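Labels for the chains are A, B, C and D, by order of writing; each one numbers its residues from 1.
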Amino acid sequence: MAGKKLVSLDEAASLVKDGDTLALGGNLLYRIPAAFARELARQGRRGLRLVKTAGNYEIDLLSRSGSASSVVAGFVSFEAEFGLAPGFRRAVEEGRVSFEENACYTVIAGLRAAAYGVPFMPVAELAGSRVPADRGFRRVPNPYGEGEVLTVPALIPDWAVLHVQKADLRGNGVIHGPLFEDVLMARAARSVILTAEEILEEMDEGELDRALIPGFKVAAVVHLPGGGRPGACPPYYEYSPVEVAEYLYAAERGELAAYLEKVRP
Amino acid sequence: MAGKKLVSLDEAASLVKDGDTLALGGNLLYRIPAAFARELARQGRRGLRLVKTAGNYEIDLLSRSGSASSVVAGFVSFEAEFGLAPGFRRAVEEGRVSFEENACYTVIAGLRAAAYGVPFMPVAELAGSRVPADRGFRRVPNPYGEGEVLTVPALIPDWAVLHVQKADLRGNGVIHGPLFEDVLMARAARSVILTAEEILEEMDEGELDRALIPGFKVAAVVHLPGGGRPGACPPYYEYSPVEVAEYLYAAERGELAAYLEKVRP
Amino acid sequence: MRKIPGAGARLGYAAPELMVVVMARLLSDATTVFTGVASYLPVLAVLLARRLYNPDLVWLNIPGRVNPAPSRIPRSTVHPALAEGGEASLTLAEIFDLSARGELDVAFLSGVQVDRTGAINLSRIEEGGQLKVQLTGGAGSALIYPTARRTLLWRAKHDTRSLVERVSVATAAGNIYRLVTPLALFRPGKEGLELESIHPWASLEEVRAATGFPVGEAPTTPPPRPEELRVLREIDPEKLREIEFS
Amino acid sequence: MRKIPGAGARLGYAAPELMVVVMARLLSDATTVFTGVASYLPVLAVLLARRLYNPDLVWLNIPGRVNPAPSRIPRSTVHPALAEGGEASLTLAEIFDLSARGELDVAFLSGVQVDRTGAINLSRIEEGGQLKVQLTGGAGSALIYPTARRTLLWRAKHDTRSLVERVSVATAAGNIYRLVTPLALFRPGKEGLELESIHPWASLEEVRAATGFPVGEAPTTPPPRPEELRVLREIDPEKLREIEFS
């Protein structure tokens, strides 16, 4: 078994089929599966449903490339200097991508329901918000008290695609720093694909404590240093405002294909 | 603030009032708040409702002492050589303690509901088990599909009482090795009491990653080396079969009071 | 870069400084406070409050460490530098849970639109039921706003497109504590948001003209004290406080 | 210590060894396997199976490390030694979730009573609806049994009090794969558990007399091969396999 999970980026991305639901790890520009998203775009994948709490680069890119047909997320935007994700925004406004706007917490609740093997998760009332009605979230009678309780349906991704600092040949993945929703996504999804900065032969105790993605549910591991760029993957690299600008500049000029050819992996 | 949380065992145990619900950390003879339980017995606390997934020593002791009036747990027994928890068993058979038998998972589900601020948690159907009917677990209609879904009501302890390896003066607690349900208990409970092998002035990064009990919800920290005995608190000490036997021998001879006087803290 | 309100008044401070100071003062009695994504002014307010008014304030943010003491303020509010010096670990999901349980004291939220009821819109601008402008989505706000005990709204723009009678779409609503803008400070009143104070560079007329709902008179916002400005400049030497005004 | 079945037959092995070997063989095609509290024979079966039949078997247990390779078998199944050499971390709650999702392949469970349907009782013995004997509680069984794909029951006692027509209280029931006892191996059939094989030291009459429900004829359980016994003794030099028979 050991070793067979280590495949090329090309092979790993080929596991994803048109129409699959993908939970994407990381948050905003931190520890995101950026290179994997570029490869999906290069391979011309279509009809993907993307699941994320808060994202930007890879949502924007897959919306522009025509790979994503819908996005389940709480927040899609760059921060500060880069502002809104323009490709995503236009794709939604033009009806090419359906934005299933959630609260970040209802994405988490849907993933929790999937992780716990139940059809829904009760959540605190999102009083005054249009999100529950827009998403068709339903209420059930409180079986132990008064009133009704808001629920969120289980959200079961076909794949959790995570960029992690380290993985071993058996597919065990190690995350340093904030976990974001990565671990939950790995539990909720039917299967997991990892891209990793480093491939480990052995783990020390500190790494084992952080090895929260067991290999038995991981279908493929790609050794992919820099796989989070232009985002950050601490402690390896910071995010690059220059590379984000390069992406936005190229994409906004309609040169996404050239960008994808140039920026490899 | 810093420092005011550090109190004596006596003071910490005094925070618990007759009739309170206590979630007890650890599992079987591992990282259990044993000394804290002895102190509750010494102080003559009554009417406690104890919450645990799998336990033995402190459940048995608080059942014998008359401190516990009910126990919510999935499993109450010693392992191997010591067999059943005889004091607990007799207390239940004689009607002094009510055993609210759960599956370990339904204890977890009830704590999760509390941690998530919702009145119940859906769980997979425990087909063929008497537990749901015995506990009065109810079903709700599946709002997103066919049939009904089993639920477990929120279980909100007044206190999570946890024995941890390390804590700081602000009440932040560090757990090394298996977490068991300790972190979940700390989220679900109204407040937290820690007993700790060591009090830290500062934490290193490894400790910070394991500092999963933030101090802001911790009411009291007791510096209590050996507070898990006769159970184990790795890496400080193993569990002591001799001390477990000493407890059972004394208790079965009706000498619990003398045992509590002798075995301090 | 658009003009920073108050910058022309030569007071030695302008809207970014005053907004941070006003928000910091509002944290004097807070127990726990949460700052989310793209929240530069709130991060600075927390740091200022902890330095001057409330050393025991517990700060929760996205990078996952409780009560960090960052040595510098990064340009991303998800940056691990915002975890530095923390005292314990808590994931964002757990911070949401904390709020859902009613244990979160103060949260900072913003909106592209804020209306008189305090409802915020981060979802989209609709016209005649049709999507006109897609916004970012509300991140954690739909949960946080109704479940945190007090929500402190801030918005670095104050005009009739931002402060409206009624939001196009309510992304979130809830327990509003105050709304801080570059022109004024609002508090909840009987008929919705009302003026609490007007910043020194703004007149009541200007505020009225820039606000999409009626407002009454109010005193002038107390200016920052020299110590507040000194500490703020110390905390924020790179003037990240101006990012939201660009 | 009560008599260990088969010990008098001088075969070079007895019930503890044969039970472990039979269970290990049953794990030949397993993907994931869970062992819970006080599960000495199952732990040894997993280790034996991994050595001889199924090197890729993924073992999950309470101390929280996936696929550990302990250097010794401790006397507590919660002992951190059972986490040694693991390859990743997974809490017990997450193992339960895994089972609830239908992703757990094989689980080991036991019962003070096991009945013909495979239902187990770890809760209590009732007489006339009244509590007579309080048992330990079923730990994870009520969830694991119906949600794991296959449950391997074992019980170190085989008598008419343990193997009953109907349990006093059903703590758990579900997807039974096999039941292994010191006298025989059972599998699910049309009318409930049926004999698959009888251990070399037991006769059909003995098994019938010790079983609270009817059983038919069955061949003899294939004895352990020398290699199986050799590796088992290597894994378990302290004979923890006999604890459950004491």
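Rule of thumb we're sticking to: contacts are C-beta pairs under 8 Å (C-beta built on N, C-alpha and C of every residue); 3 or more make two chains touch, one makes a residue touch a chain.
Remember, predicted model here, so these are calculated numbers, not experimental data.
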TODO: Give the label of the chain whose average Cα location is farthest from that of chain B.
DONE: C
- [ ] Provide the C-alpha centroid distance between chain A and chain C, rounded to the nearest whole angstrom.
- [x] 28
- [ ] Indicate the whole-number Å distance between the mean C-alpha point of chain A and the mean C-alpha point of chain B.
- [x] 37
Task: Intercentroid distance (Cα basis), chain C paired with chain B, Å - done: 41
TODO: Could you list which residues of chain A touch at least two other chains?
DONE: 116-118, 123-124, 209-210
Open item on the list: If a residue has to touch 2 or more other chains to count, which residues of chain C qualify?
Closed with: 100, 147
TODO: Determine the shape of the graph in which chains are vertices and touching pairs are edges (line, ring, star, complete, other).
DONE: other
Open item on the list: Please list each pair of chains that are touching.
Closed with: A-B, A-C, A-D, B-C, B-D
Open item on the list: For a test of understanding, state which residues of chain A touch chain D in their complex under the given definition.
Closed with: 1, 114-118, 168, 170, 172-173, 187, 203, 208-217
Open item on the list: Under the definition above, what is the set of chain B residues touching chain A in their complex?
Closed with: 113, 116-124, 138-145, 149, 151, 153-154, 206, 209-210
Open item on the list: Help me check something: in the complex, which residues belonging to chain C touch chain B?
Closed with: 31-32, 55-56, 58, 65-66, 86-90, 94, 97-98, 100-103, 147
Open item on the list: Taking the touch rule as given, give the residues of chain D at its contact with chain B in the complex, in rising order.
Closed with: 37-38, 40, 62-64, 75-80, 83, 91-93, 96, 100, 119, 122-124, 131-143, 145-147, 169-174, 243, 246
Task: Residues of chain A that touch chain C when the two form their complex - done: 27-30, 53-54, 73-77, 79-81, 84-85, 88-89, 92-93, 99, 101-106, 108, 123-131, 177-181, 184, 232, 234, 239, 241
